[in-house]
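Next, two complexes with chain A in common: one pairs it with chain B, the other with chain C.
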Partner chain A sequence: MLSKKFQTKTLFYLLPALVIFLFFNIIPSLTSLILSFFEFSGFETNIFRKFVGLKNFIKIYDDKYFWIALQNTFLFVFGAVVIQTAIALMLSIFIFFGNFKNSTLVRSVIFFPCVLAPVSVGLVWKTIFEQDGVLNSILGLDISYLSSVSLAIWLIIIVNTWQWIGYNLVIFYAGLQSLNTELLEAADIDGANWSAKIFSIVIPLLWPTTILNMILNLVGGFRAFDIVYVVTRGGPAHYSEVLASYLYYWSFASGGPGKMGVGSAIAFVIFSFILAIGLLRVIINQRINK
Partner chain B sequence: MEKNVQKENYGAKFKTSPYFYIISRIVVYFFIAIIIFPLLYTLSLSLRSPETVYSARFFLIPEEFSFQNYVIAFTYNFHGVTFPRMFLNSVIVVTISVSLIIILSIFSAFSFSHLKFPLKETLFNVMIASVAMPAQVLIIPLFYILLYFGILNSYQALIFAYAGFLIPIGVLILRMFFEQTPKEISEAAIADGASDFQLLMKILLPLAKPAIATCVILLFLDTWNEFVYAMIYLQNPELHTVPVALAKIGTSRYYISIGAYSAAIMITIIPVLTIFAIFQRWFIAGMTVGALKH
Partner chain C sequence: MFNYLKKLLVITLLTFIISVPAKAETVLNVTDWQAGVVGITDSYAEFITNFEAANPGVKVEYTQYTFNTYLEYLKPALSSGTGRDVFPLFPGADFESVYQAGHLLNLTEIMDDEWKSWLGESASIPDLMKDGSLYLAPQDAFTEQIWVYKDMIADLGFELPEFGDSYTVDEWIEIGNAAKEIGLDGLMFGPVESWCVWDGYYNMVQQLNPTYPNDLMLQALNGEVDWDQDVFRKPIEAYKKMHEAGVWRADSLGMDYQVQAWGKWIAREGVGIYCNGDWFNASAPVEHNTLDNPNIYKMSYPKISKDSPWTYNKATGTNAGININSDKRDIAIAWVRYTNSPEASEIFARNGVIPVALAAMDLDLLAASDNPLMNDGIRMLATEGRNTTIYYPHAEEPKCLYDGIMEVFLGVATIDDVIEKMNKCTGYSG
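Right after this comes the complex of A and B.
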């Protein structure tokens, strides 16, 4: 086998990737935590000049729209983790056991939106939701969906679900293909009907795949930005903002406050959630492995 | 493969239940309709002649077909952004960053799988953990790092931002693959006097072609569709990539006709659709590989 000791030439393989990874990923990640205690904006040369303690956090704590953004993020994550996973599970079972002759094509069609840019997807749906759009024509209504305070975030959730269902579907399908069929065959001999087989055999056996899908959607839920930006731009009046888009609003949006310290405080909050999910995942993995 | 065929056929046993057969078809075709309709509708809007843009049979079939919208979209100058230019920008950024990430990931993954160095597993775990971090957490500090390096508003800004963000994924997939190749092969090569560079280039890489193809597709999609970094780090309109330029067109919805606007969206969708239609299997495998192998 190869040398068991560390050799200097190893650095030649490792370092180029590592340096880029450190400079453009790890260092900014950690700096974002520190920056949340400073006040700075735009093209300032020394961003660590003005230490303000917890002022940025107090600012977002007192900000009504931060709590709306947080609530919307949770709604969005709920949509991704529960609704999207449930629909994908249902579809995968129907396609797998429904004996579709063209099941590969069916899966490919449902998967296709995953490869599109969220920006394209958002614009496609925005056209549909517009007041003069096709949704109103089909339903015979005249509602301005995108400027509705209560509807806007749900429209974003619908668009996101539409785009990513195929992703979960394909993972569920792979889970179904590697399912142990002996139990199902035994149930067939016992004369169990299809609903009993699905609810008491297939779904319990698929539980690890379901957890995997839920975790993927959970982490993905906190990333949501593109669709929000394109479909509603956080509006009307920040009512469909999520954490990531609200961070953008505070830091970079043209016509926004341009307070990057506050943006960093929001980044701190997102960071904490992702960290908590990571720990949760480690704990779940340990439970499963026991 | 044979195993899969057998499992696919298991569904035959449910055929005895007509309810399941009917319900499954209703539900699945309903969802397919929902998936397809928005895309067909946009296509339909883009193909209508400007005079008949608000009328169509069954909401979808244009009364008068016309490619005029595509001509308008292609030649229009959206705030200094033109279609040929934004495709060129995207192609440059994506080609360079994907090549860079793949090459660096190959070497780095090899050191993780075949060489020894201190803190190896700790470093690898940090890489895995970083994959979960949303890009938005990094945007502010990264903005200043790129500013200090003097590369903000240039292709390099985006290339390094993508490399830093996506190298862990490349390393993750390729390390897994390198470790799956039988140890005997590496041992035999070393016994025959191959250096580890030769081992990597002549033996592991040819075997790793499928894994590299998977990586390329995954990285291509991640970089081609990426929006936040591209919008913030390349603010010069001449450097906008496809998603950023398209989002700008989206905000000028009332300055251009809905037909040309839809044509613009379709121009960004059609190339991806074509590539997807050809390489379906690879796309699906590529996008789910990270998830399935954890």
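Right after this comes the complex of A and C.
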């Protein structure tokens, strides 16, 4: 049991962080939630002037581009959680057990895109994917990748994976370094081949690290905005939009509808998904711990 | 603990004392979205110098945003009551919303006769007015059209249309095909910026408008007339035809106008650039825009057919509003008044920007600058013909139109789908 004095002191030290969290997270989130029930262009001083009930939610429900954005968001999250994590895991195992002479250099090269600004990365890749860009020049093709309804979102996923794979790799690598090597040595003595060692010992032991990477990628996936905005700006015709970019389009884009109430409704949907996944994670954790 | 707090308090007080300016001055905050538009930036630099010299103790803080990021600043600023003293607005939906929110000062009530005389007819531009009063002071005027390199057109074996006229859709397809044969584009096009699609569409609708000068486009966006008419259908057909014929490259659909399309046109990858305007008069490649080598030609949007009437997109660029909550209202009024003065108009003209206060200017003198593109812009502004506005006060209806035309380009919707969607979107009930 903590003493009352200690509790007061702890609270005092936590206060600045709590105040900041309250003003920059809790209050804006609640305001945004409330705003989703109002018609608000973003210019009004009295933001709660016109209550419209569920109209903003009905509007997004009827908007086919919202569903495209939702589908793309899940594709993006799938790309980040499954594809990116899997590739990073394989690469880290390969580099760790490969005993390459320059493995540090290889890791640095893979990690390097993480330190670049997503805007720079997006612009470079945009140039690569242009019709007269590097990719078509190398392949001798004339494909307009970024104007393709079906390709655009996948290209964004590829760019995102390329940029952040090094981040996951570093975490996996740290996990591999902390593995109990005696288990692997024991497996060697028992005559286990490399695939048995990887799939029956290494990957199961790396499971907590894998979960950590997946959660980081999942949250990052739902928050994705910059890379989408820079590479395609949600186009062509909203077909590569994700929820965050579509929220921006409704709220702030020049030439957009300028309806922040609708944008807030989309924000509420994103919040709900992240909250649901967060709760799911807590429940799963509790069951595992039991 | 308390010693620490005392130290913190002393440091805070010292910082405050040091940061108080030695001499009190009134700071007027002015903003716009013209970052990257050389003519405007240079003009404003001169305005500030002159205004500060004429008003001792006043300092003008001028902050620029880009076209794409302006609303990110403006919305939170106005809604939280921290908007700048003077800020411009796009006519149309943004103006409508800001006016409704009550942030704008009524300029008609405070304009003196001299100020009105400078603006002439521009003091009563409908796009900038509400209930018979002016709320936005226009500063620069522009025409919006297609720019082409004359030498490229000649190399492809085509003749330029008469000044003020334009090529037809079919002629553009021929030019596009000829350009493709030598590895060029007919037109550079940046439809990621939605206005780039609307503005050409509005132009083509006005070409076909049987009730001109009645604005059929406005009626359609209001949901007062059926979209299932040739006047609304044919412009989409024209767009589709040009896209499918490859007048612009397929990946234009992922291009923005201001950076990519403009950049590629500057690099001479295309013969013309679609939806360009006088705002780039001072940003055009200098070697192609001298009196000795006026190699850039302005022509209106594509004509639906040979007998379509000449139709122009004419509008105002920066339209300054005065924040009704500004505590420096008098200085803000003086500033906006100054930007409409003959002195400011001359500065605009010297920097390749067409001033809107043309009533106070000698047009012949103005159209004899050493910037051929500006001279052509002024000539085009003065040209008789059909005009179309590019600003409508609707928020969602133009979005539906843009989405529909883009889907036709992408092949995921038919023209019938778009027409049906527009009737639904505008609430036309038959």
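By definition in this document, the second predicted complex is superposed on the first by the 271 of 290 C-alpha atoms of A that agree within 3 Å, B and C clash if a C-alpha of one lies under 4 Å from a C-alpha of the other, contacts with A are read in each partner's own complex, and residues count from 1 in each chain.
Keep in mind that, in the parts below, contacts are C-beta pairs under 8 Å (C-beta built on N, C-alpha and C of every residue); 3 or more make two chains touch, one makes a residue touch a chain.
Note that the coordinates shown come from a computational prediction; the quantities given were computed from them, not determined experimentally.
Undergrad: Give one word, clash or fit, describing how chain B and chain C relate on chain A after superposing.
TA: Chain B and chain C clash in the superposed model.
Undergrad: Who does A:G278 touch here: chain B (first), chain C (second), both, or neither?
TA: Only chain B is touched by A:G278; chain C is not.
Undergrad: In the overlay, answer first, second, both or neither for which of chain B and chain C A:V115 touches.
TA: Once the two structures are laid over each other on A, A:V115 reaches chain B alone.
Undergrad: Return first, second, both or neither, reflecting whether A:F43 touches chain B, chain C, both chains, or no partner chain.
TA: Touch status of A:F43: both partners.
Undergrad: Which of the two partners, first being chain B and second being chain C, lies in contact with A:Y61: first, second, both, or neither?
TA: neither
Undergrad: Specify the partner with more touching residues on chain A, choosing between chain B and chain C.
TA: In the superposed model, B touches more residues of chain A.
Undergrad: After superposition on the shared chain, which partner residues are touched by A:F51: those of chain B (first), chain C (second), both, or neither?
TA: neither
Undergrad: With both complexes superposed on chain A, which partner does A:W207 reach: first (chain B), second (chain C), both or neither?
TA: In the superposition, A:W207 contacts neither chain B nor chain C.
Undergrad: For A:F199, is the partner it touches chain B (first), chain C (second), both, or none of the two (neither)?
TA: After superposition on chain A, A:F199 lies in contact with neither partner.
Undergrad: In the overlaid three-chain picture, which partner chain does A:M260 touch, first (chain B) or second (chain C), both, or neither?
TA: Touch status of A:M260: both partners.
Undergrad: Output check: A:L18 vs chain B and chain C. Expected answer is one of first, second, both, neither. What do you get?
TA: first
Undergrad: On chain A, which stretch or stretches are contacted by chain B in one complex as well as by chain C in the other?
TA: Residues common to the chain A contacts of chain C and of chain B are 43, 47, 132, 251-252, 260, listed in rising order.
Undergrad: Touching residues of chain A toward chain C in the complex: what are they?
TA: 41-45, 47, 65, 130-132, 144-147, 149, 152, 232-233, 235-239, 251-260
Undergrad: Considering the complex alone, what residue numbers of chain C touch chain A?
TA: Chain C reaches chain A through residues 33, 67-68, 70-72, 74-76, 78-81, 90, 93-94, 97-98, 100-103, 192-195, 249-254, 256, 269, 395-396, 398-399, 402-403, 406-407, 409-410, 412.
Undergrad: Show which residues of chain A lie in contact with chain B when the two form their complex.
TA: So the residues of chain A touching chain B come out as 1-7, 9-14, 16-18, 20-21, 23-29, 31-32, 35, 43, 47, 87, 90-91, 94-100, 103, 106-120, 122-128, 132, 134, 137-138, 162, 165-167, 170-171, 174, 176-177, 179, 181, 184, 188, 193-194, 212, 216, 219, 222-223, 225-226, 229-230, 244, 247-248, 251-252, 260, 263-264, 267, 270-271, 274, 277-278.
Undergrad: Within the complex, which stretch of chain B touches chain A?
TA: 4, 7-8, 10-15, 17, 19-21, 23-25, 27-28, 31-32, 34-36, 38-39, 41-42, 45, 54, 59, 104-105, 107-108, 110-112, 114-118, 123, 126-127, 129-130, 132-142, 144-145, 147, 160-161, 163-165, 167-168, 171, 183, 186-187, 190, 196, 199, 221, 224-225, 227-228, 232, 242-244, 246-247, 249-250, 253, 258, 261-262, 265, 268-269, 272-273, 276, 280, 283-284, 287-288, 291-292, 294
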